[in-house]
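Some structures are shown below for you to check.
What follows is subunit A paired twice: with subunit B in the first complex and subunit C in the second.
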Partner chain A sequence: MATPDLILDPALKYWVLLPISFVMVLVGLIRSNVTYLLSPKPKLEPYRAVREKQFLKRAQSFTQNSGVLNAREIRDRQQFLIEKLNSSDFYAKEGEEELDPLSAFADPANNEAMMNMAKGNMMNYIPQTVIMGWVNYFFAGFVIMKLPFPVTDGFKGMLQTGVATPDLNVRYVSSISWYFVNLFGLRPVYSLLMGDKEANELISQQNQQQGMPNIGGPGGPKADKLFKAEAESIQILGHESIFDGIVERVLSEN
Partner chain B sequence: MKETIYYNGSIQSNKQKLGRVRDISSLALGVGCGILALESLVGFGFYIVGTTLTNLLFIWICCGSEPSKFFVSPKRELLLEGVVENVPGFVMMWCLVYAIVS
Partner chain C sequence: MSSVSALKNKLVLVARSGTYVNFAPSQVQKYHHETERFLMNSSDELDAVELFDVYEMQFHLALITSHDVEAKAILDRLVDQFGSSENSQRIRLLQSKYLEVMGEPEQALKVLGNDPDELRLSRRLTTNSRKSGNAEEYIANLNFYLDLQPSDLITWAELGDEYAKVGHYDKAVFSLQEILLQEPFAYPVFYKVGLYNYYRFLQEEQALKTERKDKLWELVEILQDARNNYLRSVEICDVYIKSWIGIYLISSHKFNDKLRKLNSVKEVAKFLEQNDKLKTLSEKKIRELDQEAWAQIKQ
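This part shows the complex of A and B:
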């Protein structure tokens, strides 16, 4: 390099670099814990709603797996399911009124869901803004480190904010750029510190949610429509058992 | 005409283990790069060589040289994905250790 190296005070490392990293790691951990505390607990559903879902699921699994039953069993179940699906015995609410989609916003249950989303977003933005303000306020106006790789001059405005030397090499950066490097680079540190517990929880939650149709929710299909459709698909179900001609198949394969 | 069916939970857990190895390796490579005081392209080259080496070791040791048993699309998942995602972590440790060492 043509220009001689800038000599940086070694105390800068211990009083600026490490504190910023330390604070960011701690704030990240606190944030994840607070998010966990704020996350909604699963609520009890009224038994009629659960029964409605379970019954629909039962009908669906019958259509999918009817092959393991013999012809008489299929016929009996077909009769029973069609009868029940066409009656209103298993509906969660009797005589559903037509809701227009806008009134979904007035529903307290949906309001709660939106509130939770807002909380999650707030937990993302507030800590970052606070730390950025803190870094800008406490460590502004001096060069703290030299990056190990060259950066184009376009980054000068961002990386050297508050440093009033227009010709300084862009590799010398101020504290706010260390904040940004940390912001993007701490993900592996978090995932190692928090362990696999949270990830496992996420996966188990996803598994629970699978296969549960969103009946009666905002924008979701109405139960009676789903029941009618299921009744029709059961109606046209063919009588095909896996036991038909099983002896010939087994013998011919070997 | 046999179609391999993967169990989703196991695939997820394998991916998690791979991610963990990647996290550790990117941070460790950053520390190493900083201690060696490598600069600019040499440092990024060090990272690419290092991650590829880690991935190959993962295939050899953790997958017993048969990665298709544990991953749906082994070549892409093991060698290509995650290389770019872990660059920020590497750069962070690189900058930190470089600043502390120099």
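This part shows the complex of A and C:
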């Protein structure tokens, strides 16, 4: 072997390796709690916005399931919905006009959404920067452990960042690399500590809320466009009904 | 699956679907006991969200079964957990219901407040006028609420029933069809649409003075709608006996005999022919499903 084995001071384990891991776990836990505190409380939507969405939903379900009515009823509702969709009766804001995308930044509602995004991002990168600075300041260039199993040379870049020794055996891990390994590998530890189920539930709840198109939100389509499009699809709807030939169907099934 | 987690799943499902409000009294009693025991012995099985869903159900069950001390205890527990009720519509709704049951309707209304954005509470406010017995006012309120919430299915169902109570069966059918448009496989609703169409037919048949062809044909159309809706309901759920009975009643109605005079019209002849076939089929089905029901019909 080209390089003789290094002898690592056992004190490195207690004063560098474990403290880095411990601090990372701790900071991760604190961060998740602070993010929770900073996350915005669910706000009540103004009833006009809900009304707009619900009317669109009503129109959409008519487009999808108009077959449950007979031909005459389909025609009646078609007329009613097209008329309403083409008027501004159900718009959340009166006289929505075309806005250019840049002016969206001046809208206070959008600002709030962006502020929340910024807060979330800040909670992600500030702690990481601080810990990385700490590791770099105190433990720069430390080789802190030797992996108990051999790895190929490809891992050199990953395991020996910050140690300028091209010939060192890949099994030795530098302090800053240990930091990165922790950064990406601690997820299972967190879910063990914080309860996997509740974390997953939170995530799935967040996903569910995005079922409806985000009318009027930042970057979302405007109501008048959606309404017009829906009116068009209702206009071209056929008059097919599930009641056509239902007697024969039931008779032949039994 | 252990029996505890099966029980847990059942209770959570019932709590979230809200079906317990339609239970028969004995069932309500049973569920109340069961939930009480479950909350006492194995509430650890539930996670936080499930636990409070079940508490909410138990609150309602306690109110229905007149255990108002218990209801108050649960309500206090929920208020303790979620702090002041100022910003939770759900808790204020429960508080208002409790006050209403305790005979303090003014207080109950006060708790609900009148913020138009709080739609859950608005719906509760809408139902307030039901007690006055003034159906017209109640229907107007429901319509107003539906203008704000055009796809609130529960309110559409309520409106349908209210219209039926005052005899506007065509409007009742319209309201119930709003539900079908969103839930196209709700066979009990198909049954109800059929039923209200049938009632409308009976109503108009009674009022019918002449035997003119076009008037009779209008009635046939209503009857056909009723029959089709019943048929759709049994197409989705074959053992739904109410709809089979409905089909039987239509196919054996004496109006059919009146129609035989119009047998020369092709559509009428077809309608009658189908009715004859359906009569045999529905008779067979009802006998299979429930002998007792059949005996009652024959009486």
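One rule holds for everything that comes next: the second predicted complex is superposed on the first by the 190 of 254 C-alpha atoms of A that agree within 3 Å, B and C clash if a C-alpha of one lies under 4 Å from a C-alpha of the other, contacts with A are read in each partner's own complex, and residues count from 1 in each chain.
In this text, a residue touches a chain if its C-beta (ideal position, glycine included) is under 8 Å from a C-beta of that chain, and two chains touch if they have at least 3 such contacts.
All values reported here derive from a predicted model rather than from experimental measurement.
Student: Counting only touches as set out at the top, which of subunit B and subunit C does A:238 meet: first, second, both, neither?
Tutor: neither
Student: May I ask you to name which of subunit B and subunit C touches more residues of subunit A?
Tutor: Between subunit B and subunit C, the winner on subunit A residue contacts is C.
Student: With both complexes superposed on chain A, which partner does A:166 reach: first (subunit B), second (subunit C), both or neither?
Tutor: neither
Student: Which partner chains sit in contact with A:191 here, subunit B, subunit C, both or neither? Use first/second/both/neither.
Tutor: A:191 sits against subunit B, while subunit C stays out of touch.
Student: Name the contact category of A:13: first (subunit B only), second (subunit C only), both, or neither.
Tutor: The first partner, subunit B, only.
Student: Of the two partner chains, subunit B (first) and subunit C (second), which one does A:181 touch, if any: first, second, both, or neither?
Tutor: Touch status of A:181: first partner only.
Student: Once chain A of both complexes is superposed, is A:61 in touch with subunit B (first), subunit C (second), both, or neither?
Tutor: second
Student: Contact residues on subunit A for subunit C in the complex?
Tutor: Result: residues 41, 44-47, 50-51, 54-55, 57-58, 61-62, 65-70, 73, 90, 197-198, 201, 242-243, 246-247, 249-251, 253-254 of subunit A touch subunit C.
Student: What does subunit B use to touch subunit A in their complex?
Tutor: It is residues 9, 12, 16, 19-20, 22-24, 26-27, 33-34, 37-41, 43-44, 86, 88-96, 98-100, 102 of subunit B that touch subunit A.
Student: Subunit A touches which residues of subunit C in the complex?
Tutor: So the residues of subunit C touching subunit A come out as 47-49, 87, 116-119, 122, 147-152, 174, 177-178, 180-182, 184, 190, 225, 227-229, 231-232, 234-235, 238, 274, 277-278, 281, 284-285.
Student: Which residues of subunit A touch subunit B once you look at their complex with the stated criterion?
Tutor: Within the complex, subunit A contacts subunit B at residues 13, 17, 21, 144-150, 178, 181-182, 184-189, 191-192, 196, 199, 203.
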